[in-house]
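Two complexes come next, and they have one chain in common, subunit A, joined by subunit B in the first and subunit C in the second.
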Partner chain A sequence: MTTIGKPSLSQTVSAALAETRLRLINISRYPGQMVLEVIIPIVFASMPMLLGRATAGDQAGANFAANTGTANYVAFLLIGSNVFTIVSGAFWHIAYWLRFEQETGTLEAIYLTPTSSVTLLSGVSLYSAIRSGGSAILAYLIGCLVFQVNPFEGNVLLAFAFILVGLVPLYGVAMLFGALVLKVKESNALVGLMQWVVSFLMGIFFPVTVLPPFVRAIALAFPPTWMTNGVRSALLGVGFFFGQWYLDMAVLWAFLFFAPLFGFWVFNRVETGIKRNEGVGQF
Partner chain B sequence: MTTIDSNSNSNTQLLTGPAAWFDSLIEMSKKELLIMIRYPVEFIASFGQVFIIVTVLTLAGLMFSRGGLESAGDNSQTSGLVIYGFILFMFLSDTLWTIGYNVRREQKQGTLEQLYLSPASKFASLVSRVTVTLIWTGLLSISSAWLMSVMIGRLPFANIPLGAFILIMALCGTFGIGFAFAALTLRIKEAGQTMANMLQFAFMVLCAPFFPFSALPDWIRIISRFIPLSYAVDAFRSTLMGFPSGYPELAPIGVELVIVILFGLLMPLLGYWLYRREENQARATGSLSEY
Partner chain C sequence: MMQGQVAIEKLTKTYVVKQRKGLFKAEKKNVEALKGVSLEIRPGEVFGLLGPNGAGKTTLIKCLTTLLLPTSGRVWINGYELTKQDNAIRATVGCMLMGERGLYWKLTGRENLVFFGALYHLSPTERKKRADAIIAKLDLVEIADRSVETYSSGQKMKLAFAKALINDAPLLILDEPTNTLDVPSARELRAVVRELNTEGKTVIYTTHIMSEAETLCDHVAIVDRGEVLALGTVSELKTSLQRDAVIRIEGVISSKAAQAVQSLPGVSRAAITAVNGHTQLTVVAEGHQTLLPQLIQTLTAHNAVMQKITPEEVTLEDVFIARTGRTLADDTRVK
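Then we have the complex of A and B:
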């Protein structure tokens, strides 16, 4: 009898990268969708921008500065909508992958291979980070060009560092969400609701300091809030939560170690539970 | 072989006429309602989602006001602008998205061809896709209007009958756009979803539902003037706001009303004609079940 051994590290990485490649090939077949992903954050940020300009007139910049700490509302709103693109992309891609495999009946087949679903999930996460991160950076640059502001104002490298460090805990949280989709099986509704809850908590178009204390505490327990504020502070100088960039970065690093491990643990538990109850193929 | 002839017996005669049309519409709508309530999380999530969107937009708008959050509740014109635009946007999203999406779902599930074998009205089938959703959206609109008026200012309620008439005409027009979009879905298949997204975002900019038209650059405003829905948005919110100075922005209200009425009457006919044309084409080429 042939027994299948545990895959080596290189085999695991290879499987994850194969999944990433598969997803990237798949999305490259839909260029219209990719173009739309660049346009959406710009249009989205332009809504409050146009409303603000129309209602506040010449005072728009001054009023905005008094409420947020920067008069550069174009960059502030564009950063919010683009980080939101990355965050909601993480939720959508993980949830959609799981749901798609469930609906097409291939999720059970995955469990028969020696590759674990967490390995494939890591591959999907990498694909998602490349797709959403690429769109967000491009959308930010085009948005700044359209609204005629300098996209390279402030410390660009530090802003990148906040995004890169923030991506890891973000996908940890997305795995928790994936576990929820496996359990509840209504990905569209959950993602639809979740992406707006996330946008609210991370302060997509406003600083989280305007939120009531209890809501602010919840927002601060959520990694994308630190990511968004870190990028805004690095580029626009709106102020780090702890005053210094390295203190905020340290919090994000703490999330980086905790969130993925917690995400993996919860995902594995839910997965084992539904495997026992024969719920993998149900949708 | 058994054939169905609408004149052959009394049973089949029941399948024609207005009563049969309404019966089939109600039954088809019931089926859609049944599917909807089988997914309770979706039901609740859609409600929560609207409230959060309203809150996010409100907070964003308040960042531009002099007193920030403390100025919440001061400006009824801003709340009118945003809320009435948001209501039209929700209805448009439903009609634009739901009809085409449902046709696509039937295609994917392989049941679209079977529907064509039944003698039930195809028009009722299309309308039923969106009937339940529209009732739900109506409830959501009322709730979001209440929430937003609490948060950013007392809502102006002038000329309610005329406002309701404009809303109905605009809805009829968007039904037509929904039919046309369902036709497009039959032709371009999966790319239809991307197209629906693009149209929604184009509407968000060109028809200015969340800000006044004066905020748009001149060259975009020229494009807006060629879209009947822009006049529906402008007329609807101007009417309910009691025609404050500078409103309506695109044309005198009389002209806007004529455009909105023509849009509401002609667009459903045009949309349905396009759908039937595309459907016949799909049946002739055998692509009805392809996806």
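Then we have the complex of A and C:
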């Protein structure tokens, strides 16, 4: 029989990994979708890239460097679109998980087990990080190959560190979003709206320093903005917000401790409220 | 605290529903789905929860399985108190709710079982072993490695039942498990439930099929409109109507005629159901000898066409009719 009482750490990790594995098995049965996920960020970045070339011609790099600190606008835009893939994936995968499972009835089935929703959310987050992180890296490499720029210039390890540290607070924010989906029982419109807001705030195609001060302040309260700028600064030297990499990294660490706890807390409260009324299965 | 494997004390559940008033308007309304339900289920018994659609069976089950928080009342399951020790309750209960909807259709049957085994904190070796054993027990070997989407409805229900066994819990809660099953498969499933019961598992079995409850359940609670109307063994419930007789009349009978019958002296209940394109009137009364001529006269006066009149033995359905004045086919959802 199953363990009664508080599960051990290894049992909790095992349950979270089972959730990750389940989702990976599920997506592996749709190989076409995985191919498209690699192509989309390249196409997404190509549009402003080609527009820049069309309007500025040979001067495109120099003009870009004057405002952003790097002439490598191809890598700048590819980094933006690929970090956005990860961010958008986080929102989409958490929202889709809740909504889809609510509709198919499996959400109630997993709520019948002694595995907590925090463990399940962790498993879904890990799946999302693997899926969108993998396709973002692949898309970045292919994009650099297609547009003939060096993908490995700058400090690659530091760029990875910014991504990895940034993922945790990102999923914390995504959990807040998940709570909203659970509450309003809607995901498509919410994700659609969120994608536009997020892409604007984190500066996919421009440095956030060009935003008006009030909007910039909002953008800086959002962990992915620090993640994107950290990767760009590490690879392309566009400049950290606080001048030094470790100061920007410290801000991301602060997000890392605060955002997931806040995300879990809000999610649990919403979940309890729903259980008090009609239950998680009603959609 | 009450004794028993499951003890329910004055459980109530009220929730708010939105009543639509056109395109954008909605009015909030309180629905009392459970009204002070008290029950006790002893270890090793098959306990039937009977009632029509909307009686409150599923709400009760959802409260017992921690999916819903009750509004008031106290519940102990396997010695753990609801809302205080929910994790322990979930770990010691095997559930089959919402049938085939609780499965991942893109995964194989075996992958589903192994996944749920992990969520019950079984070790990787244990979950594989347990999945293999259940697959063999329920004769799912041939389809276990096919994705669930290729299963027939009956096969999906069988897998959903298999999922309820993955944690080898001492208490099984089965919510209408034979829904969508054909007759032989339903019989097979009931045999497995009986077998599990003889192995020592306690079973809570909800159904609206009375014959199923009669053959399977040791104790039965008749639930309607959020209340327990009758409680006891099948024979106790039938005996409670011993002084009464049941007469079934098939033909074309209007509801006005049924109402007229209901008002006859000696008739405790009269209810109409549709059977094979005919109307069937079930009358529970004190002895049919004296009543029969009056009954025929009343129905004839109301233009009823009678094709068959049979005095019968009391069934659980009759007990239900006697208690509620309705048949199980009625939807008594709170509106």
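A few comments on the model shown:
Throughout what follows, the second predicted complex is superposed on the first by the 278 of 283 C-alpha atoms of A that agree within 3 Å, B and C clash if a C-alpha of one lies under 4 Å from a C-alpha of the other, contacts with A are read in each partner's own complex, and residues count from 1 in each chain.
The rule is short, and it goes like this: contacts are C-beta pairs under 8 Å (C-beta built on N, C-alpha and C of every residue); 3 or more make two chains touch, one makes a residue touch a chain.
Fair warning: this is a prediction, and the values are worked out from it, not measured in the lab.
Superposition model on subunit A: subunit B and subunit C are shown accommodated side by side without a clash. By the touch criterion stated above, A:200 is placed in contact with subunit B alone, subunit C being left untouched. By the touch criterion defined above, A:189 reaches subunit B but does not reach subunit C.
Aligning the two complexes via chain A yields an angle of 80° at the C-alpha centre of subunit A, spanning the centres of subunit B and subunit C, rounded to a multiple of 10.
In the superposition on chain A, contact of A:15 is made with subunit C only, not with subunit B. After overlaying the two complexes on the shared chain, residue contacts for A:220 are found with neither subunit B nor subunit C. By the document's definition of touching, of the two partners only subunit B reaches A:52; subunit C does not. In the superposed model, A:110 lies in contact with subunit C only, and not with subunit B.
Superposing the two structures on chain A brings subunit B to within 7 Å of subunit C, judged by their nearest Cα atoms.
Once both structures are placed on chain A, no subunit A residue is touched by subunit B and, in the other complex, by subunit C.
Against subunit A, in their complex, subunit C makes its touches with residues 15-17, 62, 65-69, 87-88, 90-93, 95, 97-98, 101-107, 111, 114-116, 118-124, 147, 163, 167-170.
Residues 39, 41-46, 48-49, 52-53, 55-57, 59-66, 68-69, 75, 78, 81-82, 190-191, 194-195, 197-198, 201, 204-205, 208, 210-212, 214-216 of subunit B are the ones touching subunit A in the complex.
Against subunit C, in their complex, subunit A makes its touches with residues 1-7, 11, 14-15, 17-19, 21-22, 25-26, 29, 104-106, 108-116, 272, 275-281.
For subunit A in complex with subunit B, the residues that touch the partner chain are 30, 32-33, 36, 39-40, 43, 46-48, 50-56, 59-60, 63-64, 66-68, 73, 77, 184, 186, 188-190, 192-193, 196-197, 199-200, 204-206, 210.
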